[in-house]
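Can you read through this structure? Questions will come right after.
A, B, C and D are the chain letters, set down in written order, and residue numbers restart from 1 in every chain.
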Amino acid sequence: MEAGFRAAGRKLLMPYTTGGLTDDWVEYLRAFVAAGADAIEVGLPFSDPTLDGPTIQEASDAALARGTTARGILADVTGLDFGVPLVASTYYNLVAHDGPERFCAALRDAGFAGLIVPDLPLDEAGELIAAAEAAGIELALLASVVTPAPRLAQIAERSRGFVYAVSLMGTTGERREVDAASAALVERLKAVTDRPVLHGFGITTPEHAARASRAADGVIVGAALVRRVLDGAGPEEVGGYLATMRRAIDQGA
Amino acid sequence: MEAGFRAAGRKLLMPYTTGGLTDDWVEYLRAFVAAGADAIEVGLPFSDPTLDGPTIQEASDAALARGTTARGILADVTGLDFGVPLVASTYYNLVAHDGPERFCAALRDAGFAGLIVPDLPLDEAGELIAAAEAAGIELALLASVVTPAPRLAQIAERSRGFVYAVSLMGTTGERREVDAASAALVERLKAVTDRPVLHGFGITTPEHAARASRAADGVIVGAALVRRVLDGAGPEEVGGYLATMRRAIDQGA
Amino acid sequence: MADPGPRGRFGDHGGRYVPEPLVAACDEVAAAFQEAWADAGFRRSLANLLALHVGRPTPLTPAWRLSAELGIDLLLKREDLAHTGSHKINNVLGQALLASRMGRTRLIAETGAGMHGVATATAAALLGLEATVFMGEKDMERQAPNVFRMRVLGAEVVPVRSGSRTLKDATSQAMRHWVGVVDEAYYCVGSVIGPHPYPYMVRELQRVIGDEARGQCAAELPAGVPDFVVACVGGGSNAAGTFAGFVGTPARLVGVEAAGGAGAARGREGVLHGFRSSFLQDGDGQVTEAHSIAPGLDYPGVGPEHAHLRDLGRARYVTVEDGEVVEAAVRLARTEGIVPALESAHAVAWVIRAAASGELPPGASVLLTLSGRGDKDISTLMELL
Amino acid sequence: MADPGPRGRFGDHGGRYVPEPLVAACDEVAAAFQEAWADAGFRRSLANLLALHVGRPTPLTPAWRLSAELGIDLLLKREDLAHTGSHKINNVLGQALLASRMGRTRLIAETGAGMHGVATATAAALLGLEATVFMGEKDMERQAPNVFRMRVLGAEVVPVRSGSRTLKDATSQAMRHWVGVVDEAYYCVGSVIGPHPYPYMVRELQRVIGDEARGQCAAELPAGVPDFVVACVGGGSNAAGTFAGFVGTPARLVGVEAAGGAGAARGREGVLHGFRSSFLQDGDGQVTEAHSIAPGLDYPGVGPEHAHLRDLGRARYVTVEDGEVVEAAVRLARTEGIVPALESAHAVAWVIRAAASGELPPGASVLLTLSGRGDKDISTLMELL
């Protein structure tokens, strides 16, 4: 995935949706691809999403209430080729439940390329880093605006695929503005790594996406899409909105 | 009053009613006389009748709610001659409010012959005994079934008019039976005094009255009459009931 | 504060104005208490219970932030930390031990705020006695949690529907009930009221507050003794217990009454519930209803020793209004993290007012007995906030 | 019970599983606590507050009547007498002092039963801080008086409407909130849970229970040490604080969980709320909802040190059912005059059962930490009686 990102020749767009949120959730992935996604983040819903705001909490709860399981989500995408990498994202309890090796192997077998675990900081990540590496899963680590310099370098160093720049002090969710501190974080990261840096959290409008991807190598868009899914928008409509982001990024960059 | 009692030649019957309970409360006194009362106890209602059961509490509250005052009750009977002595009964706060001298003088001026203050035991009675004596009011003291022998003698000795034998451990009110201990109390009193001993508390039926007045020199009847007044019975009806008691006493004695 | 002698007189006040059927019972209580109080074994048992079960000594807490705001040095004697949540337990354990010693198997009590009732139910449970608690219907509504607590503790709570349906009527009803059961039941009076020996006995059982506070002040204050000693006054037991530790010092004693229940400050001489003292009365000598937001102060009279201290000028009795009391409760909560009982908040309200008016001079040291905790009053407070 | 080292590990358990934005904040808390805990001045300030404001030491009360009924020697460590009504205040005052020292102006807390929330609101008032308390909507209904208390104390109570609407979700919400306000606010965790250094820090702040009890047992018991030490376990802070005083003795340590919230006894290895420990989960690794009549035990996990003590076999974790708990609460009320919190009643319930089954041999001495008072649970109890 990382190699592909480096070779993309454009700012990256990584939309997110919660796996198993609707019967036709896989159709949203296809729509994301059609809208110009460079990769797709698929949330494996967890009962206690402590870093997520109300929108993704609601989506997680809704997916779980429909009987969605991580196993089921993996089965849904196994054998499908979207043309872009899939990145799983979930909380560490689901990883620990299977054990890092089995968990990563299952991801790989389902066709996932990457993994994000927001509640797993560098210090606790050793076991999963090793297991992911062994399974050929790229584990992207998170960096935050308050991460001090030496630690930032370590995170960038040990991250795979990209570095997830958590652009604000808060949870996932829609925001009015792109946090000013985020540009500084991206710059600090760029100064210590040549790994792609994706700006995540709070990207709500095409303008946000354009603005954030000036400094960063691209953006991750979650709640703004999930909100629409929860409100009943179909794959085409949500894909249409994502396409406006794609255009704004490509023009603004 | 005491002299009259001694000379009565029959068992004594002292009915009670709460002063000012109804507009025509004085008519009840006349009816009591007609029914054969030897004296009448008139309650001056007090806000906190701690030795009274529900019936006389209710009568006190009702009288006070009508605006009845001790002064008003005295005014109502001033100048009337019932042919039998009137005995006021009230709690000590009303006595203390005027001061014993003024209180007793007012009673005398209204034509009362005697006084009962149930919450004034012998030990606290000195001042009132003196004041009553000075005003010519006979202050009857209470004796109870648990009063020890030497104290019983003192009570009988310092009582005037009669000795009020509180026949049971409890408050005023109607009872099913005459307490067995009461006969013993009356006997103990008769052994130490030749003052008339009236049995009070709990006399509810003509049978009770007859039974109680075998040992005692007579009975005081309160709640059984007041209950009827509260239930709406007029002077004649209540007097009629008292007359059945008179007959029972006279026959049974 | 002296022994009132065999007739229980504090100056003109006190005495024993009970119906003849109760005289022997009162005599028996007086004799038993006198004997017990002179018995080191009894005192040791009680001290043991107070330490092991109640958590005595209660701390003396400097009210740092409120002191700074008021410009005085305010110390709180923390009866709110006593088991069951108020000073009432000090008295009740003593009387319950006495009742056991006298062979009684049941305690009778009246209660207003419910704290004395809860304390009585507690002591009964602890000593294996039964408990019957009389409580005005209005108070049962206002202090429902305490009604539940008593019942969980196994006590019978009897609603009193007469009169004002508050403490005054509950007391009358308890006395009426006692007449019928003197042989088996002990009447556990909840304040320094009632016929002799109760005002004296309850003060002696509550003096642990003042004695402890005296020692704590000696350690805490440069002068050794506070300039002012303040306590709320319903019947007056927490105040009497507190004052007992300071009456022999130069401290100025202040009892704070509810404006609508100010027996000492606004009452007239009278006799009720077995004692002569100062009571709210109308022009005809009828005792009037007290009105206070604090059910424990909703009593029209005051203990006879307080009437006496007032007459002597040794203690002053002042009043505060419901509104000030609520404000004071919230202010103490938000400055010191202590939600006081509304009864106790009366004392706080007076201190706040007197510090503002200069009646408490800047820098004055003030010992305030916080007689109980406000858990029971939370719903009242919330309605008003 | 040892220092878990810089990574906060109790065997396999503990650690710090937090999002990167919180790592620095946790580091800062850890460093500040380490420094403060080594500072005699800090310890003196805390000890002073605990003595003067909270009323420590709390007594060790022999449960005479219940002991006689059960044929054992039961001693109650009376955290119900601590100011605010539970052991939670011990921990909170320490953390609030730390927050002040760190220059924070606001405390954030999660609460289940409301006791930790009340303690936090109290400490905030006392130290002049603000307080924001997250509480599940279901718990707000069950423990309405505590919601009122927090508000009277000036705290903001934020209802949590997600998930089970109990403690688990309140904790998640508090962590989410903290991410956004780390600069100004201090997250005051209420039990031995959360990311390092919280489980360690909270245990250290609660060890005052065990240290006091150890000394009191030495004075009270012929053997100097009880045969059994029993405490209820939600997150496990009162148990951890108690066990800390006895882990080096031969006493057998027993943690009592709610049957429906038995993280230690019935959980599986997992990670939640920043720590690795034993959690109730379904077959897919989703954390399941706990169910207990005691809101403070309505948590699907257990502090990491308890998971470790369990693994080591040094402590045993047992469960009791809601029905036994209610019976035990009423039985303690009616034998000892103490209405326990329903959380604490879990420990009582197990002792009653174990004495009947012989698991507690006749004559065994048992130290039981009574973590809180039952005032908050009165309406629950009354509904069931």
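Going forward, contacts are C-beta pairs under 8 Å (C-beta built on N, C-alpha and C of every residue); 3 or more make two chains touch, one makes a residue touch a chain.
Note that the coordinates shown come from a computational prediction; the quantities given were computed from them, not determined experimentally.
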Would you kindly count the fewest steps from chain B to chain D, each step being a jump to a chain that touches the current one?
-> 2
Could you pull out the chain whose C-alpha mean position is farthest off from that of chain C?
-> A
With chain centres taken as the means of their Cα atoms, state the distance from chain B to chain C in Å.
-> 37
Expressed in whole Å, how far the mean CA point of chain A lies from that of chain C is 66
If you average the CA atoms of chain A and of chain B, how many Å lie between those two points?
-> 95
Set of chain B residues in contact with two or more other chains | none
Shared interface positions of chain C, touching two or more other chains | none
With chains as vertices joined when they touch, what's the shape: line, ring, star, complete or other?
-> line
Touching pairs among all chains present in the structure | A-D, B-C, C-D
Once bound in the complex, which stretches of chain B touch chain C?
-> 46-53, 57, 61, 64, 69-71, 91-94, 96-98, 118-124, 141-148, 151, 155, 166, 169-171
So in the complex, which bits of chain C are touching chain D?
-> 51-55, 58-62, 65, 78, 80-81, 83, 85, 121-126, 128, 145, 148-149, 151-154, 329-330, 333-339, 374-375, 378-379, 381-382, 385
Using the touch rule from the top, collect the residues of chain C that touch chain B in their complex.
-> 7, 15-21, 23-25, 162-163, 168-169, 172, 175-176, 179-182, 269-274, 276, 279, 281, 284-288
